[in-house]
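Heads up, the next two complexes both have chain A, just with different partners, chain B and then chain C.
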Partner chain A sequence: MRHQLSILPLLVRMYVKSQMEYRGAFWLDRLAQILSYGAVLLGMWILLQKFDLLGGWNWPELALLFSFQLLAYALGASVSFTQLRDLEDLVRLGTLDALLTKPINTWAYLIFSGLNVGYAGHIALAIPVLIWALMAAGVQWSLGTVLFFAGSLLSATLVTGAVITMIGATAMIWVRSNHLFSIFFGFWELTRYPINIFPTGIQAVLLTVVPLGYISAVPVAVLLGKPVPLLGDFAGLAALLAGPIIALLAVAHWRYALSRYQGAGG
Partner chain B sequence: MTALIEARGISKRFRQHKRFPGLLGAFKSLVTTEYTEVTAVSDISFDITAGEAVGYLGPNGAGKSTMIKMMTGILLPSAGTLSVLGRTPHAERMANARQIGVVFGQRSQLWWDLPLLDSFTLHQRIYEIPAARYQDNLKRFSALLDLTPFLDRAVRQLSLGQRMRAEIVMSLLHDPKILFLDEPTIGLDVVAKDAVRKFLAEINRERGVTIILTTHDLQDIETICPRLIMVDQARLIFDGELTRLRSALGSARRLTLEFASDPGPVPLSSATLTSDEGLRKHYLLERDDVSLVQVLGEVGSDRDLKDVALHEPDIEEVIRTFYQRRNAAAAAAQ
Partner chain C sequence: MSAYAAFVRSGFLTSFAYRNDVWANIFGKLVQVFARVAIWLAVYAGATMVDGISIQDMITYALLGGVVMGATRYDRIVRHVGNALKTGDVAIWLLKPVHYPLYLLAIEAGASAYTFLLAVVPTIVIVALVYGMYPPTSLFHGVIFIAFCALSFLIHFLCAAIFGILAFWLMTVFSLEWLLQSLITLLSGMLIPFWFFPEPFGTIAAHQPLAWLVYYPSAVWLGRFDIPQTLFYFGLGLAWTVLLAFVLALLWRRAANRITVQGG
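Take a look at the complex of A and B:
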């Protein structure tokens, strides 16, 4: 185990070195990301100039929701998204077979050999907005809220990585998984908005089968002292526990999918 | 000698959604709960002892790669027991991985954008190879395969042949007891194929590394592997010395008789006439125990025999004949 962990930094170094072979494209990509997410934020701002409130949330509160979601997503996706999206290709082309003949944990190898530093663009946009919004939205700071903020951000990161891992792992059973990622991003876009603006059915989905409510709407509502539909007083606890629980489910699902792996043929 | 690999009644079946023909069928295939079972490997048994070099041969879809994937722990057999170096490969995949080397001809394990040496260094770390042994192996194998000048070059700048040689060097860096190679010469040019074959034969002979390779290319087997396992339609059809293959598969020798003047029909009890050009007649000698002297005795001295040619089939021909006969039998059965 310790030996395996010691290899991970080397994998990251090799991956970053590979990426830097294409430096120009790297910086251009980051700029494109900042601009595209910046445009979403601008759209929300314009909307709020007209309506003042969205589901009872004002502009700084929505900016907090947006930046919390973006940061949690960027942290979670950097350790999962591109790697697990590409798992489908590894299965289809048989590259996963070669990986399975190495004496190293397959998931760890995949994740760290593709640790996506490309999310730096998301993070560069999310952090300044988050800092401004935390000050402007009037969060009642105490030791409790500081700990909750850190814990729920970590939990949201875990939810992101775990859900993506579960989706990606299905490629080992069905060879294809990318259609599931489209569904994921459909729901994910909803999490930029307060959960109370949606019909109860969608709220229930976002808090259970597609638990993306926990990557932004639930923790940020708790932080701002706003009511959370369906969860009520349990919202704070749910936001903190969602990450570890879903991560354990993801580990079990990954093991199951790996045991069902049949290769792509040949 | 004890066996390094013991396969007893190994089968592997894959379950696939049933597919229906036509556009309507395509929609039906999407929702069907019917499955078809495809048998990739059927009741195969063999033992492989330390130091052997075994060629695993068969046409596309015969189940060669599936067998390799079971022996390397990637896939779990549906039936039978499999032991590699005393372990069950699928259950003890990681422990098994430390003592075997695996090369997949069409699936590179090298880091495309980085210097070749970086991939080797990572391999050293993953397999925990002591530095001195690593340096020693790297130097020796790279020299043998003429890779030394390319160690600092990015993998994407290497030719296919150089990459394949690199894959082989990498697979040997941790001194595996068994080396599995799945189609190691596929796509290589003649010179590269030759280099790979000579190298594999040498490490098998000199270092005693047990080699199991799958291939389409008989030349691979002739150069590297004294023993041949042949599979077809998931079943084992031959296991033994390459030299025994001809008699085992009963491939016929060809006999050509050339006469100075047309002798008319020359029927022979020990050979079958395949074509008659008048002066030149072609026969098949289907039985192995018939000697040329016997045949010539039957021709008799009164006919004006000028020349005799007996053609021993090469392995390629033996196998081709086998498949042709099988296909003919399958067609007749329909």
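Take a look at the complex of A and C:
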């Protein structure tokens, strides 16, 4: 076990080194991503210049929602997205079989040998916006809110990573999983906006089947003392518990998918 | 010419092979269009009119945005060039009696037609039935809307292909794709129509080529311009198309000259 753990930092170091081989391209990619998310944020600002409120949320509150979502997503996706998106190819090409014979946990190997430092761009944009928004949105700070903020951010990170892991793992059963990712990103875009603006059906989906409501709208609404539809007073607790619960589900699902894996021809 | 027709067909049929993707696509689009309508309902917050634009106008605008932007995918075009460059396949296209940018156009036309028929049309019908949608202001506006859609497809393709070909110099398509995404998000009018932009940014945005992707087709449908104005903006869009086509042809010629294929 200790031996296995000591390998992980080595895997990360090797991957980061390979990414940094093309340093210019790496930072150009990050800049392009910052501009892209910046464009979405700028769009929101233009809208709020005209309309003042979106579903009862003002500009600093929406900026808080946007940056919280971007940060939680970047942290969660760095330990899941590219690695599990590519799992489909590993299954199709049979490369996964070779990974299964390695004397290390397959999930740990997959995640840490591809730990995506490319999310540095997301984080570089999210943190300054988050700090500004936390000050401008008038959060009532107390020890309770500080703990809730940290706990719900951690929970949101877990939700992101767990949902992506569950989608990616289906490739071991169905060979394909990429169409599920396009559904995921459809819903993911909605989490930049307050959940109360959507029809009840979409709200219900975001709080249950595709639980992305917990990566931004629910925790940020609780932090700002805004009502959360469907969950009501339970929202705070739900935001904190969603991460650990969905992560456990993801572990069970990963084990199940791995047990069903039979290889895809070859 | 018949070769390109075959590429259009092949683009269409290749998409047909991935039917799961189409269902996922319809579902993803449905969620997106619903979301956009929800955003406009939320910002209007019960008001019927803002700056002379009614909420029903904005719902129609959001749906039309789905129609004109739903089928063509700049990321697919950019990645297509990127993959050809990475694998060295691009060298093969230099040997064939086919103009590579035209081949790209043909493939994308086929794939777009497929997505349009099987994903965009059903999505729009469903959302229009739920929220209601304005018909075009007049027969003229309805007919010229179709011409504007064709212009939208061409400019969309040309911009994406230009960004793709730039990879011959930058050797990475990743950043080019994200850069184009940021421009399209803000400058196509997809998220927010330019009449809600603060001036002078609204006027500036309305004259750059990406405005023809979503803003003009939708604004024409809604009757925001009278007949002479509509024709003027169509002409301006056409001029942008010619200019972009010229830029693409020039870039492709330069790129073909400087290409080095490693390995194979």
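Everything below uses one rule, namely that the second predicted complex is superposed on the first by the 266 of 266 C-alpha atoms of A that agree within 3 Å, B and C clash if a C-alpha of one lies under 4 Å from a C-alpha of the other, contacts with A are read in each partner's own complex, and residues count from 1 in each chain.
Methods note: contacts are C-beta pairs under 8 Å (C-beta built on N, C-alpha and C of every residue); 3 or more make two chains touch, one makes a residue touch a chain.
Predicted, not measured: the structure shown is a model, and the values here were computed from it.
**Student:** Quick one: chain B or chain C, who's touching more of chain A?
**Tutor:** Counting residues of chain A touched by each partner, the higher count goes to C.
**Student:** For A:93, using the defined touch cut-off, is the partner it touches chain B, chain C, both, or neither? Pick first, second, both or neither.
**Tutor:** first
**Student:** Now for A:43: first (chain B), second (chain C), both, or neither, which partner does it touch?
**Tutor:** Only chain C is touched by A:43; chain B is not.
**Student:** Does the superposition put A:32 against chain B (first), chain C (second), both, or neither?
**Tutor:** The answer is second: A:32 touches chain C but not chain B.
**Student:** Identify the partner contact of A:251: answer first if only chain B is touched, second if only chain C is, both if each is, neither if none is.
**Tutor:** A:251 contacts neither chain B nor chain C.
**Student:** Quick check for you: in the superposed arrangement, does A:263 touch first (chain B), second (chain C), both or neither?
**Tutor:** The first partner, chain B, only.
**Student:** May I ask you to decide whether A:180 touches chain B, chain C, both, or neither, giving the answer as first, second, both or neither?
**Tutor:** After superposition on chain A, A:180 lies in contact with chain C alone.
**Student:** Where does A:55 make contact in the superposed view: on chain B (first), on chain C (second), on both, or on neither?
**Tutor:** Second partner only.
**Student:** Can you list the residues on chain B that touch chain A in the complex?
**Tutor:** Per the touch definition, chain B meets chain A at residues 14, 65-66, 69, 72-76, 93-95, 97-98, 100, 102, 104, 106-109, 111-114, 118, 121-122, 125-128, 154.
**Student:** Can you name the residues of chain C that touch chain A in the complex?
**Tutor:** Where chain C meets chain A, its residues are 18, 20-21, 23-25, 27-29, 31-32, 34-35, 38-39, 41-45, 50-51, 170-172, 174-179, 181-183, 185-186, 191-192, 196-198.
**Student:** Where on chain A does chain C make contact in their complex?
**Tutor:** Answer in residue numbers: 22, 25, 28-29, 31-33, 35-36, 38-40, 42-43, 46-47, 49-51, 53-55, 176, 178-180, 182-183, 185-187, 189-190, 193-194, 197-199, 202.
**Student:** Chain B touches which residues of chain A in the complex?
**Tutor:** 3, 6-7, 10-11, 14, 17-18, 21, 93-95, 97-104, 259, 261-263, 266
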